Structures are given as structure tokens and as C-alpha cells.
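The following pair of complexes shares a single chain, chain A, combined with chain B in the former and chain C in the latter.
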Partner chain A sequence: MKKLINDPKNVVDESVAGFALAHADLVTLSTEPLFIARSDAPVSGKVGLVSGGGSGHEPLHAGFVGFGMLDAAVPGPVFTSPTPDPIIAATQAVDGGSGVLHIVKNYTGDVLNFETAADLAEAEGITVRTVIVDDDVAVKDSLYTAGRRGVAGTVLVEKIAGAAAERGDSLDEVATVAEKVVAQVRSMGVALTPSVVPHAGEPSFTLADDEIEIGIGIHGEPGRAKISLEPADQIVDRLLEPILEDLPFESGDDVLLFVNGMGGTPQIELYILYRRAAEVLAERGITVTRSLVGNYVTALEMQGASLTVLKLDDELTTLWDAPVQTAALRWGR
Partner chain B sequence: MTVGTDWATAWVRGTIDTVSEHRAELISLDREIGDADHGENLDRGFQAVATKLDTLTPETPADVLKMVASTLISTVGGASGPLLGTAYLKAAGSIAGKTELGSADIVALLTAARDGVVLRGKAEPGDKTMIDAWTPAVEAAAAAEAAGADVPAVLSAAADAAEKGAADTEPLVARKGRASYLGERAIGHRDPGAQSSSLILREAAIAAGEK
Partner chain C sequence: MKKLINDPKNVVDESVAGFALAHADLVTLSTEPLFIARSDAPVSGKVGLVSGGGSGHEPLHAGFVGFGMLDAAVPGPVFTSPTPDPIIAATQAVDGGSGVLHIVKNYTGDVLNFETAADLAEAEGITVRTVIVDDDVAVKDSLYTAGRRGVAGTVLVEKIAGAAAERGDSLDEVATVAEKVVAQVRSMGVALTPSVVPHAGEPSFTLADDEIEIGIGIHGEPGRAKISLEPADQIVDRLLEPILEDLPFESGDDVLLFVNGMGGTPQIELYILYRRAAEVLAERGITVTRSLVGNYVTALEMQGASLTVLKLDDELTTLWDAPVQTAALRWGR
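For the complex of A and B:
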């Protein structure tokens, strides 16, 4: 497997260093322990937002650090949660006196490390609240699994909660808005090819040439089923149906439709998916009032995509439209 | 007979070596039902432990275990960092201040470690996690101690039961952690966390001079 890397051990450090250099107007880099913070952090009086998780999902999370979104991002090793130390340091660095919100994707490692960090930060006098994102409908949420995974919907949580914090909401208010997004967002993905973790050097799972995995997670964890490759429209239907049934989304709803690439799928294909998804939603009487298309929550070089639908109301729409200035999302400012 | 700080240090040194030797095997087990990083993460953690062990002058076994706990929590990441770190932390707490450990102390140590993992991870026996190695180990150690076994025999019983427990995860469906997303597809694969815990427990027995 060919990759544009040096020593596999240095992949994360070198990539984050490059990111910080490229976006020096937006962020500052801490190397020991490793985290990226907004260049003007801590913003006095503003609730701080910290997210993080394994690397390999870029631009998530560092690409969303800046005005109107995250105050800090904590990158772990590739596909592995960061440890509590950098999470605590990032939490301290962005606490402007109004408390800090941790936005955590529902993966066991992320949850345990953020939980440990929150306990220790609280012991140092910082008020921390945690919102767990679990938007992936491919996984059954039951006592018999670790619960639904947090996937592309995380970007929408970070954007909308970030806007709430920027307008001066309290920690409880920001957490409430974030929880509302979590309650109203659903996602599901598909993979055409696996990703290759640099230090492992081998594909993390296998798919035959004509096979795809429906319900893939963002680390290549399997989902609902392996099936034969189909035309894009049929794949969209397979992903959208469980999403729409789950909330459920109903005729008359206004929604944000987000087509996310997994890293190895070009935009030309993502827009084919968007076209069909918008068509299906229109047939159901659901109005797409906001949209997002691109590679935002990736799984290294995996070919594939996910669909995310968020039910909007006036408050969420206003917060989505609010100015944001980060490396990966930027408008209104 | 009892064991002391030298045993704890030897246990940790043995663990550093065994984790390094089994790194590829643990990665491979994790590739089947997880994300192919367990061996990598654990080896990174225990290499950091190795560095700290060289500068540590422990006075009690608990000193050694506490250092392992904080090092694993701050270097391993994933789920196994907080889980194993908590196991060592609670184990250290159960023997705080003691310089010599008898069979009953060993049972208390293993029980505290297991309870720590349960507290953090909320897994139950049969969920296909490291608990499936720890719980049989605790039960076997307690039974051996009740029957009058000495420390090496108690630790051997624990390690044997942990190895069997790890092997017994193969037919299970996972209900916690990343493997739980696989449903029935996890059947036939050994849980990497149970496997690494059984390796750790075997080193405890070897360090005590098991026959």
C-alpha cells in the first residue's frame, strides 16, 4: 500500500504540525500534550467546546476549530482515542470561566477517556458537561451493543453548539442545543473499499471487487450487511430508508441534508448521491432547506459515503447559518 | 510464603516483554473484530512503563502497580487504557502500604482489579471482553486460596482460568466495545482484551515462580 508518509509512527504529529502551520491565523498547536486550540483561546466568558478522537477522520476535528465552532480539538493516534492528559490540557486551555462542553462520538474508547478527563478537570475546578453523539442508525441501540456510533452528524453538533456558545449561551444552554441536534440527526454510511491504518499497513477489513458494506462505521467497522455493488440510486435508497424510519422524518419537515465522503470518493460521485437523496426527500414531502456536501468525516482513504439528515427548526437553522471561520467550514465572516 | 516488591517489579518486567512479543498477534486478533490497534496501543503503554520502571525506587508492590496505572491511563488510549489503568489502580489500592503479600492479599488484589474494570466499562461476564478473563481468574484464585494454596499456586490457578476464559470468548457474540457492532459476525474470534489480560496474569504467576 502506497502512502505519502515518512515514518508511520510520526503520521499524526507531522500532519497536525502541518495543519497548524497552514492555519496559523486560526489555531495554535500544543505538542506536549498534543492538541489544537483556537488562536484566541480562552475566550473570556464564552463556553469552551472541546472535541477529539482518533485521527484519520480529517478534517474532523481540528478542521472545525475556530470562530463559531470548536475551541479545541484533541487528536489521538490513528483510529485510537486520545488519552485523558491532552483532553484535560485542552479543557484547561479553552476554559473562559463559563465551563467547557465535551462533544464525544459514541465509541467506547472515546467515551472512557473523555469521562476520565472530565472527572479530573472537574476536580481542578472546571465545570464540564458532556454530549455523546450517536447518530448512526446502522447499529442497533440496545443493551446488547455499545450503542449507536457517533459519525458524520458530529459535524452538525459541533457547528450548531459552537454557534450557540459564540452568541453567549450558558454551558447548560449550549449542552441543551447540542443534545437537541443529537436527538434530531440520523446517519448511515456505505463503504466500497477498506482503509489502511499506516502502522498496520494492511486493509482493516476486506471486500471483494464487487462487494460493498452497508452501514459501515468510520473506522471500517462492519454494519448491517455486505451486498453486491448496485447503482448509486439504489444505494441511496438503502441508506435513506432506515434514516427516515428511525426518527421518523415526516412530510412537512424541514431538514439539512448532508452527503459526506469517507475520503476516497470524489465529489462527482457525492453529488450523484445528493441528487437521489434530495429526490426521495421531496417525494416524501420533506423539504431540504440547508445542505452540506463534501469530505468532512473521513476514514483515511476509504471509498464510500454517508448520508445524514437533521430535522431543522428556526433555532437550529439560525445557529447553522451563523458565521463560522474554521479551516474546513467558513461562511459569513 | 509471601511475595513483595520484587515480585511486583518482576511481574511488570515480564508483562513488558510478553506484550512486546505478542504485539502482532494482538493486532491480528483485533483486526478480526475491532480496529487492529490493541497490540500497538498496549505495547506503546508498556514501553512507557519500562522507561519509568528504570527510574522508580518502589518501597511496596502498590508503588509499582500505581506507576503502571497512571502510565497506562496516560499513554495507551482507546478503551484498554482507562480499563487496564483502572485495574492496576484498584489493585494497588487493595494492597496499599503492605510490603509482603500472602495468598489472601493476592485474591484481594485480583478482585479489586476486576471490580475496577467492571466499574469503568460496565461489562458483565459473557459480553466478550477482558472481564471474561478476569472473572474466572478471580474465582479460581479465591477457590485455590480457600483450599490452602500458596501464592504461586493461587496465581497459577488465576492464569490458567484466565487463559481458558479468553479461549472461551471465541463462540460469544460481543455486547460491549467495538466488536458489539458485528453481531453474530464476532462469533469464532477471540477477544483481544481477554487475550492480553490472560497474558498479563500468566506473567504474575511466572514472577512468583510458578512450577
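For the complex of A and C:
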């Protein structure tokens, strides 16, 4: 295991501390319990947005804390859900009196811990709504999940719901638009190499020198199949077909196309994937009106990528375009 | 070699095509010869900024084309300088009548080809000034370089010079501020793994399982020493000490601290490096007033990182903060 870390048990604490130092203009750090909040939280009268989950997926979620997106992010240990305590504390810290939305990727641990936290926060008088993201079309159930996994589509939910909250929508309205994004977004990924959880020190799964895994999860959970390495264009076709069939996406649709890197794949490759995906969509009469390319939902140093397609309408496009000011996504302000 | 590519000989063309598709709101693509330009180029009356170099360092340089930064980027083959032809074409395409600044990383091929292009552009009546970036303190001469190599500091030169051009500075003024950044910026990097040039198919150098290379170049050129893997904090100390001694940076200085990922290192590790670097600077009485953390100047899928420190003053800080709208760096607009 070769990593730029100190003691494996301090990876998350030290990384989050570095993040808070680097972005002190945007966020504040709470260490006990551990969460990152917008530096101006709570914003009076605004719905608060909280997300979180196991670490190792950076910039998700702390990188999306700031104006127009999340109010707080709760990082758990690497690939392990945070406990209810920090989720409750983050929920309290960002409640501006209009309630709090929890955005939760569909993993059993996250769902349970956020549910417990929501119950306890409600008991203290904070109205909480929860949206579960389950955009991964690869497999029905998985190693850590009942139902579909929540993956890169989460970024789009956080951005769009964050914009709705920022413009003053009510908790019900913000939850409704978040649910709409969940209903209209689909993803699927591929791994070329496994990742190594620091305290484990060994790869979480193995792939032969010429092997890739189609439909991989962001913790290395098994996907649909291990196959021989293929040209990038064929891999794109393998990922995009199940995505498009699932909703289904149809000729005439406007979409956001998101090519996400898993952490160890360089940008030069991500744009090769983007090129083919855009080509396939064009052939089908689907218009890419917005795009996102980069490492946004990662699996430590895994080499690989995922494709995400979101069906847009005027409302979602307007909210996507709205100003955002976070460490990892920033425009218009 | 496991990569998300098609035919190795098409890597650059396909990736640049994908980039232009994904960012059609910001840039336009010229294919023969190959360069990326701001979609509104030439901007009448504004000094044009052109940079370029071998591909494989993405988002450098195309990711920095747009309002407030570069007017054009000229990508060569992977790790190989572009020829003068596309540099001349890009220079012509962005000349708004106030001259063009070439920003060149100090590699022999780049320096020669940009020099030839500048001479030919001058012969056609375009005034060209050139700034050579040589921020890498690791080694005096290197595999492809006489003098110091130009590495991650290039991003800071491009951002700050771009802001000067955008506010209407003359060619001499833009060149002067770019030279000032070069004079005040220092970098050094480390590699944990080599990268593989697609058409070569083999790693450009080798490192044992417990070995890292201190002072690595962004093409895998030899650095100062191969040593055993150490805790991240010690590695930071090894990189930062030569940087700080060189200028030297002194107590009372305000600086921008830039932790750059080499492509295959995840963000969770970059922030661990940031934390220690910020700590060391604080101990020395040096104040970090601006920061940048991420994969900005990469070496394909190399695992590793570099540290860059830029001494700031009011002028450089104002220009750093000025609005920028590019694929890889965007704020304030």
C-alpha cells in the first residue's frame, strides 16, 4: 500500500482538518463530533441541507458545502457510515428555523444512521425530511445495500436541491425537487483497479492485469461482470445502454451528462469517455445541454469512471445554473 | 497498461474533442492545427495569452482557457511539445491587436517551438512576449531541460497574468506581472508510482513497492533521490524545506499554498499534505492567505503530489481573486 498518509487511523481527521484550513473562507470544522458546516450556518429562514457518509469519496460531501449547495457534511470513517451523533449535531448546527433536508446515498448503514439522527432531531423540534439517492442501475441489491446504490448522481441532487433552498423554497418544495432529481438520474461505473482502505492495507477486491469490472460500486462492491479490458468507446457503450434503457431516456430529451472519475483515472481519459457518450446520445436524439467532467464521487485511488445522465427540464436547468460557491463546485458568484 | 482509451495514437485528439464538446460554452476547437481557444477570441484590445505543451498534464493547459485566464492552449502529443505551426495559429487566433503573451514551461522542446512560433508571428506583425516558468527547485538541469523545470507554478502564472490582461493591462504590463509570479513561486514534487505514456505502453521509470521519488518531474524525469516510503508529514517537510530556503520565504510573508495532485492520488491524501504544509508555514511565521488544492498539473495517472508556494502582495492577491471562468478554475462570475 503506497499512500500519502500518516497513521492510517488518522486519515479522515487529518484530511478533514486540512480541508477546513484550505477552505476557511467557506466552511467551519467541528471536531467533536466531526462535521463540516457552511461558515455562515445556520442561515436564518433557509432550509438546511445535510449529507454525509463514509469517507474516501472526496470531494463528496465536504467539497460541496457552501453557498447554493450543502449546509453541512458529515464524514464517517473510510467507507463506513458516520454514527447518528455527528449527524444530529450537524442537523442542529444548520437549522435556520425552516427545517433540514437529509440527502442520503442508499447504503444500509447510512440509511439507518441518518434515520436515527432524523428521529432524534425531530424529538428536539427540528423538522427533518430525507431523500434517498439510488441512481446506480448496475445491480438491484448489493454488498452494503438493499435496492440500488447511491453513487455519482448524489452530486446533482445536492447541487439542485441546494439551489432550491438558497432561493427560499420551503422544506417540502426542496424535498420535492430533490426527489425529482432522484427520479430522473441514472448512473453506472467501471473499475480498472481496486482501492485500498488505509486501515486494511490490502485491496478490497482483485482484478487481473487485463481485467475490468463493469457496474462496480464506489466501495468496490461487485458489479455485473468482470470482463477483459476493452477500448474506451466499447466500455462507454456498455455503461450507457443500461442507463438509457432504465428511465428510459428518449429522443427529444435534454440531459446533463456527467463523467465522473473514481480517483485514480486522469482527466485525459475522462474526456475520451465524454466524447463517446456525447456521440451516442446525439445518435439517439438526446441533447446534452449541460455537462460535468471530473473526480467528484471517488473511491480512494481506484482507477475507473462512472457515467451519469440526468433528464433536465426548465426547472432543473435553472437550479443547476444557479450560483454555487463550494470547494469543489463553484460558479456564478 | 490499463487505461480508458481507444487507439493509443488517438488519445490526444479524442480527449481534446471531448473537452471541446463538454465545454462548448467556454471554448472552440481547431483541429488542423490542433488548439483550443476562448469562444469569444480574439477579444478586441485585450492582450492574448497562449500556453501549451505536451499533453498528459490535464487540466493544464486547455482547462485554463476562458475569461480571466488563457485565450488559447496548444496541446502537443503526450509528454511532447507541440510544433510551431499550431502555436502560430493559436497566436493569430487570439491576437486582439494588443499583442500576445506566450507562457512556456521550461522544457527544451517547448522553449524552442514557442520561440520559433513567436518569431514567425512577429514576422506577420503580431507583437509577442514570452515568459518562461521554471518553478521546480528539485534539480538544476534535468532530462528535458536546461535550468529548472516549469511545473505546477504555471497555473498561478496563467491565472494572474490572465487577470491582468482581462483588466486591460498592456502587453508589457502583463509580461511584467507574469515575470513577477515566476520570480516569487517555487515548487517541488514527489512520485509514488510512475505513469505510462499510452503509445509506449510501459512505465517511464520504476519504483519498488516501498519506494518513492523526491523531486520528480511531471514527465517522470529523475528527481533528487529515491527513498523508502515515509509518513506524509515527513514527505511534506522534505518538499517544503527546499522551497522555503530557495526564495527564501520569510517570517511575515503572505503566501498562496498550492497542493497539486499528479493525477492518481486521491483528494483525501492531498488535504493531509495541505494540513502539514500549513502547519510548517505557520510555525515559520508565514501566513497562508490563499490556497489551491487539487489535480491541476498532472502526469497522467502518476500517484504523487507537488507543493507550490507563491509569495503574495496586494497586486498579486487582487489578480488571483479576480473573476475567472474556465473548465478547471472558476469563480466570481
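Convention: the second predicted complex is superposed on the first by the 328 of 333 C-alpha atoms of A that agree within 3 Å, B and C clash if a C-alpha of one lies under 4 Å from a C-alpha of the other, contacts with A are read in each partner's own complex, and residues count from 1 in each chain.
Here, contacts are C-beta pairs under 8 Å (C-beta built on N, C-alpha and C of every residue); 3 or more make two chains touch, one makes a residue touch a chain.
Just so it is clear, the structure is predicted and the values come from calculations on it, not from any experiment.
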| item | value |
| --- | --- |
| In the superposition, chain B vs chain C on chain A residues touched | C |
| Touching partner for A:A17 - first (chain B), second (chain C), both, neither | second |
| Touching partner for A:V293 - first (chain B), second (chain C), both, neither | second |
| Contact residues common to both interfaces of chain A (with chain B and with chain C) | 78 |
| Residue ranges of chain C touching chain A (in the complex, touch as defined) | 2-7, 11-12, 14-19, 21-23, 55-56, 58-59, 63, 78, 190, 192-193, 209-210, 212, 229, 231-233, 235, 257, 259, 263-276, 278, 288, 291, 293, 295, 298, 300-301, 303-305, 325, 327, 330-333 |
| In the complex, chain A residues that touch chain B | 54, 76-85, 107-109, 112-113, 115-116, 139, 143-146, 149, 197, 199-200, 202, 204-205, 217, 219-223 |
| Chain A contact footprint on chain B (complex, rising order) | 27, 31, 34-37, 40-41, 73-83, 120-121, 173, 175-178, 180-182, 185 |
